[in-house]
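Shared between the two complexes below is subunit A, which has subunit B as its partner in the first and subunit C in the second.
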Partner chain A sequence: MIRSITLALGIALVAGLPFIAGNLYYLHIATMIGVYWVLIATLNLLVGFTGTLSVGHVGLLAVGAYAFCILAGTFGWNPYLALLAGGVICALLGLLLGLPSLRLPGFYFAMLTLAFGLIVSELALAEQWLTNGSVGLQAPEFPAPFNTPHGLYWLVVGIGGFITWMTWNLARFMWGRAMVALRDSTVAAQSVAVPIYRTKLIVFVFSGFSAGLAGGLYATSQSYITPDAFVVNVGIYFFVAIIIGGRGLILGPFVGAAVLAALPALVGPLAKYGTFFYGLVLLVVVLVIPGGFGELIGGLAARLRQAPHKHTSVVPDLEKLRHAITHAHDYGNARAGVALEAEKVTRRFGGLVAVDAVSLELRPGEVHGLIGPNGSGKTTLLNLISGYYSVDGGAIRLGTRELTGTGVQPRARLGIARTFQTPKLVRALSVLDNAMLGGWPDVRSGFMETAFAGPRPRREEREIRARARAMLEGIGLGDVLGRRAEVLEHTAQRFLEIARALTMRPDFILLDEPAGGLTTAEIATLGDIIGVIRDAGIGVLLVEHHTDFVFRTCDRVTTLNLGRIIAHGLPKDVSRDPEVVRVYLGA
Partner chain B sequence: MLLVIVNGLALGGLYGMTALVYNVMYSTSKVLSFGTGQFAMVGGIVTAFVVLNLHLPLLIGLAACLVAGGLFGWASEWIAVRRIVAASDEHLWVLSTLALSTMVQEAMGLWWGTDPTPFPRLIRQEFAGAWDQKFWFPIVFSVVMAVGLELFYRRTMTGKVFIAMSEDSFAARARGVATDRMRSLSYVIAGVLGALSGFAAGQLTFADFSLGIGLGLSGFIALALGGIGSSLGALVGGVMLGMMIAFTDHYFGAEYQKTIAIGLLVLLLVVRPQGLFGTNRVRHV
Partner chain C sequence: MNAFPPAPRETLLEIEDLHVAYGRAVVVHGAALRVRAGEFVTLLGRNGAGKSTTLHAMSGLIGKRAGRVRFAGQDITQSSPRDIVRAGLVQVLEGHRVFGPLSVEDNLLIGTYARTPRGDRARLDGIYALFPEMAERRRQPASRLSGGQQQILAVAQGIIAQPRLLVLDEPSGGLAPLVVDRILDVAASLCRDGVAILLVEQLVEKALARADTCYLMETGRVVHEAPAADLLGSDILHATYLGGHVT
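Let's turn to the complex of A and B:
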């Protein structure tokens, strides 16, 4: 209720600004803020959500501006068509820049985009036949009613509002969670099948499109453009706006954008120091409040809202969990019923053979224990099966399906879920959001479909939310759904990881030392949960050091030493095996 | 033609030196600083100021240039890197070094002015042409710097500690290396070397406040071409880029310099991301 009133007031204020502003100069500043916002709103998705730093967006702004002036001015195209064409050209440039560089560490991308920004102004100067060199180009106007300062303002506000709506949709549905996940924990994002490279590329292309639109609007609202308007320093301004507003928020950067644009424009003498000042603000914010003011205020508000933190034990509701797992499986296709197999897999690290021709078969509906001394290759084997490492020899198969050459994401899509030795959660997201990430393999909605909030993303959102909530309630985290994952206690983090894995509706779940750091009572609870998972027909691979727990819980046990299998069979046999006793259990 | 080649080698020397400076900082911190090119800018302007404006001898100019570079290096580690490295978030150090680099550039622009000014001649030399000192200084200095750094890495304890930290900073710390102090030292060295490269190439670049960003980019391309961590690679990468730019300049005109440089970078990213002399350790995300 309060939210809709605020929204209505905000819209009224923005729409009515021309009547309040009185002065045409102020109105021009407001229009410019709107123009910048068209670019910043989507750059924020790239920088604030996926954590990818594009330093050269000003280059895209310039291309958009020149495309508009050349197409609508020199060639006499319809201005709307020229505006759109500018967006499309910039989207294609984004694709061209992103394709080779987004796979590499972020600095390569930052440098390449910086370079792009520099080239654009260089070429704008050089290619006089097209750009008129340093003299610049006259920008055409839009047809009535958008050819007056007021009209142009409303046009910019309309486009800006629409773009904001799209980014808001992207942020609140599954795509938003995926973006934040790949920023905060690449490993976790991979484990739920989020395609890292493709997601970054799509977001960058989208932000390129809107930067192109912003360029056209920039040109027409300045009515004249020259190459020196697009210096790289303008790019610093975009960053500052986003980083002040806070990453991971949709409207936060707007405040930054407005304040920063208005200050030098209103206080004339400041303009000279503008860039220095932006640099200073950026440095201070990065050092003192890396999450930005938005995250700071959000964090404080969350702290006020929540009851003081007290220790609570996680009490699962096993009946509910059983129901949640079975129900989740009804949602999609039935279980394949085949085994997950590692056949004579080998992995070397330099001269060390960490896993040496190990074969292991994980059947549906059984708990398979994997034990052995430290450094015996347990976690390496798990990484080979889940696809984080590639094998140097041997094969990984799901039934008859060859998995050996595939990466993490395709295996996650085929129903192989896992947890980690140290829980890999997306710390900035809530408990519910973290569990919902497990629903990513079921998301069929594309990026644009989500941006327009079509029926499919809405339906998927509802279904995945219900499934994740049921899992969390079953596993005993039902009363901390809204809490940020980073403030959870250790045990709760471990259980949350299991809930996320279960939300993937897996056929197999690989648990890497899930009992680490748990109390005896909590380990017993974990045993109950694993029992429920097994009874639902899921195959569980359990890497553990608590041997009592392993022998009690597992149907079969494999023991590794120095990368080789030394014993394998029923718990009662393995626990008495002399070799296992000698190297691992002790007499 | 000789002039074009010599010009290419000189530019290559400057880019190579910048790449070496990247390497020094990267070894101890795994940070590729956006401010790397700014060291040369500061070195060049400080020298020009001391020699041309204060009319002091060249050696004092050189000393001031090195001190300024060292101080700037030390400050960048202390301000923009130390706190961030602990958080190990790439996102943040790109931003913090970018912010500091912008501030220094703008501050120099406000103080020194935005027009490039000539740099003093380093030695008396009557004739110009291919044997002009403005070409030979950066070429000789870059080779000396690369050889000196290699000797430093291989022969001195401190250099070996740098190598150890580049392999595994955590393990180095566990063996009693004061990693914070070493990182700080490496940034001071980087600052001094960067300022020296600005001194050596000053007659090519002029004393120009806006030199840093473009130079940082060219130095990075040289680094990426040669492979991060390799001194030989830095020089070879630098010379390749320098030659490319000199020939483009000669045949097509100066306005396409950057376009060619970037084209080279993109091509490299596609074909061989780890660089010519780099090991395949680029972390794919």
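Let's turn to the complex of A and C:
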């Protein structure tokens, strides 16, 4: 409701502006806001959604601007073609920049983009044969009707609106969840098969393309460009706009861009303080409303909507859960029916042998317990099987398929799901969105297909939403679908992780201390849930210290001590094994 | 637990009418409890009852909406976490919170800063005697320990601070059965030496077996107080954990 009103007001403002704005100066400012917005809208996907900091987009803006002037001016290309070519050139530059650097930790990537921005403005100055050096280049106009200030305004509004629509589509479908997931919890994103590096690269290339478009529009709206128009300050302006507008919101940064561009232009005295003004606004926003204007507005809206918080205990509906799991498996290929096997795997950390030639076979439809003293290598073994660690010796296999050299994501795609000792959820997303992340391995829609909201992303969205919802209702979280994951109680977080894993339609699920912090009654509930999972034919590996629970729930139990297996077999035998009693259970 | 009936002891910690909210959601409304010097108190209740929130508010880690907290004769309602720790109220948070990049030994030394501004290496030996598995790994970064070992380290960090009241929030998290008993026995033995203990734990029987007094919490309120021995296997305990109103 509030969203529709805001949107309607915004559209009315944008459409009516040429008529209200008495003079061309105001119209020019509005056009410039639109030009910057074309860049900021997609930079926000990179910075706000994937959490990758780029301060060098001003360099891409410059390349786009020069490409437009050179191609359309010097070489006399059709301006539309030159505009597009500028976008493509910047997309390629983004690819070249991102390929070697996006694997680096965020700080180094930010430094690299800063260096890029500086290099571009130096090159524009130095390569006179191409750029005319400090004298600059005349920017060509677009053909009629876009050759007047009003016409250009409408062209910018059109392109800006289109880019906004694309980012909105990206944010609301599965790609949006994947982007936020890799920002908030890389580990969780990996566990549901989100490709970290590739996703960042794609978003960076896309933002490069739109920065190139913005560059062309910038050039023509200024009618003349010189290298000093592309100083680092402009890059900081983009950044500040995103921060004060609200990271991770689609329209928030628009507010930031508009405020930052309009205020110094409209309020005369502010103009001479340019950068000082940006700094001051940034300081105030970060201190007073860290989430930015967008989140402030969103937060107020949420307050009006929010149902009062009340304690709800997690009560699963086992029949529903059974149905949800079975139904989820109807969706894709049939289960392989093979075992997941670790054969004599070894893992060292420095001088410590954490896991020493351990073999373990997890069969479909069984619950396999893994117990042992603290530091005996249980979690390490789980990390080796799920791919978070590579083995120093031995092999991991799924049936006859060799998994040893593969990473986490390929294994997740093959149906190996897991949970974590400390629940790894995407804090900023709702319960339903978190569970839906488990549907990522089934997403076939590409990035651009999603940006254009094609039929396939829509269908996948519906299917995964229904599956995740059924899973959550089955596991007992049906009443809190819309709640942000970060405000969930501990028990609910644990169960949500299991629901996310089940939404992956796994063949195997590895649970790392799922009963940690649960009450006796909740542990019994967890036992029921595990029973349903097993009966559905999924193999469960259960790392746990609640030994009564382990011996009651598991079909087989393996005990580790100092990285080696000391006992293995039926619960009743392992629980009486003298060595297990001595090192682990106690008398 | 004690060989002699305890003499009436002074009140060390007193929480009165505590209200805590996250945004508009009030999760603790009117919690009250008392810990006497040298007493072993356990605070039990279902997940979401507000136990950890109460502890966090008491230690000054989150804000209080209303209420009063007194410790060792002073009003600490508005005190900073730092002053509260200096006064001798030390809380071990749940979920093995340690300083990952620092070595095990540095983590322990941080614990001694509460009492000694420049740290006190002399106390390390005592802790290593209590937890030999930490001595073996003293030079390793804490992040290299397993989850359970980090939990042991967190508890050790609380003990080395020489608190007057040691608050343990689910110390058993991620610990092997043998180690759970060891940690709780260490707490009980500290208590015999005069340190008061406030324990939140989901291993209800183990907690009650060692505590003097038990408080039960339900939906943000303390609903019952009784000697721990009376509660083992009682109806009220059962009701608290299984949904209260049904039974």
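What we mean here is this: the second predicted complex is superposed on the first by the 558 of 587 C-alpha atoms of A that agree within 3 Å, B and C clash if a C-alpha of one lies under 4 Å from a C-alpha of the other, contacts with A are read in each partner's own complex, and residues count from 1 in each chain.
Definition applied: a contact is a pair of C-beta atoms (placed from the backbone, for glycine too) under 8 Å apart; a residue touches a chain by one contact, two chains touch by 3 or more.
Please read all numbers here as calculations on a predicted model, not as lab measurements.
When the two complexes are overlaid on subunit A, subunit B and subunit C occupy overlapping space and clash. In the superposed model, A:Ile236 lies in contact with subunit B only, and not with subunit C.
Once the two complexes are laid over each other on the shared chain, residue contacts for A:Ser223 go to neither subunit B nor subunit C.
Of the two partner chains placed by superposition, only subunit C is touched by A:Glu489; subunit B is not. Touch criterion met: A:Leu112 reaches subunit B, while subunit C stays clear of it. By the document's definition of touching, of the two partners only subunit C reaches A:Thr379; subunit B does not. In the superposed model, A:Gln128 lies in contact with neither subunit B nor subunit C. Among the candidate segments 80-88, 134-142 or 170-178, the part of subunit B whose C-alpha atoms clash with subunit C in the superposed model is 170-178. Subunit B contributes residues 32, 34, 79-80, 83-84, 87, 89-92, 94-96, 98-103, 106-107, 110, 213-214, 217, 220-221, 224, 253, 255-259, 261-262, 265-266, 269-270, 273, 282-285 to its touches with subunit A in the complex. Interface residues of subunit A facing subunit B in the complex, by the touch rule stated above, are 51, 53, 55, 100-101, 103-108, 110-112, 114-116, 118-119, 122-123, 125-126, 183, 186, 196-197, 232-233, 236, 239, 243, 272-273, 275-276, 278-280, 282-283, 286-287, 290. Partner subunit A is touched in their complex by these residues of subunit C: 22, 24-27, 46-49, 94-96, 133, 144-149, 151-152, 170, 172-181, 202, 204, 219, 241-243.
The touching residues of subunit A, when paired with subunit C in their complex, are 303, 306, 308-309, 311, 313, 349, 371-376, 378-380, 421-422, 487, 489-491, 513, 516-522, 545, 547, 583-586.
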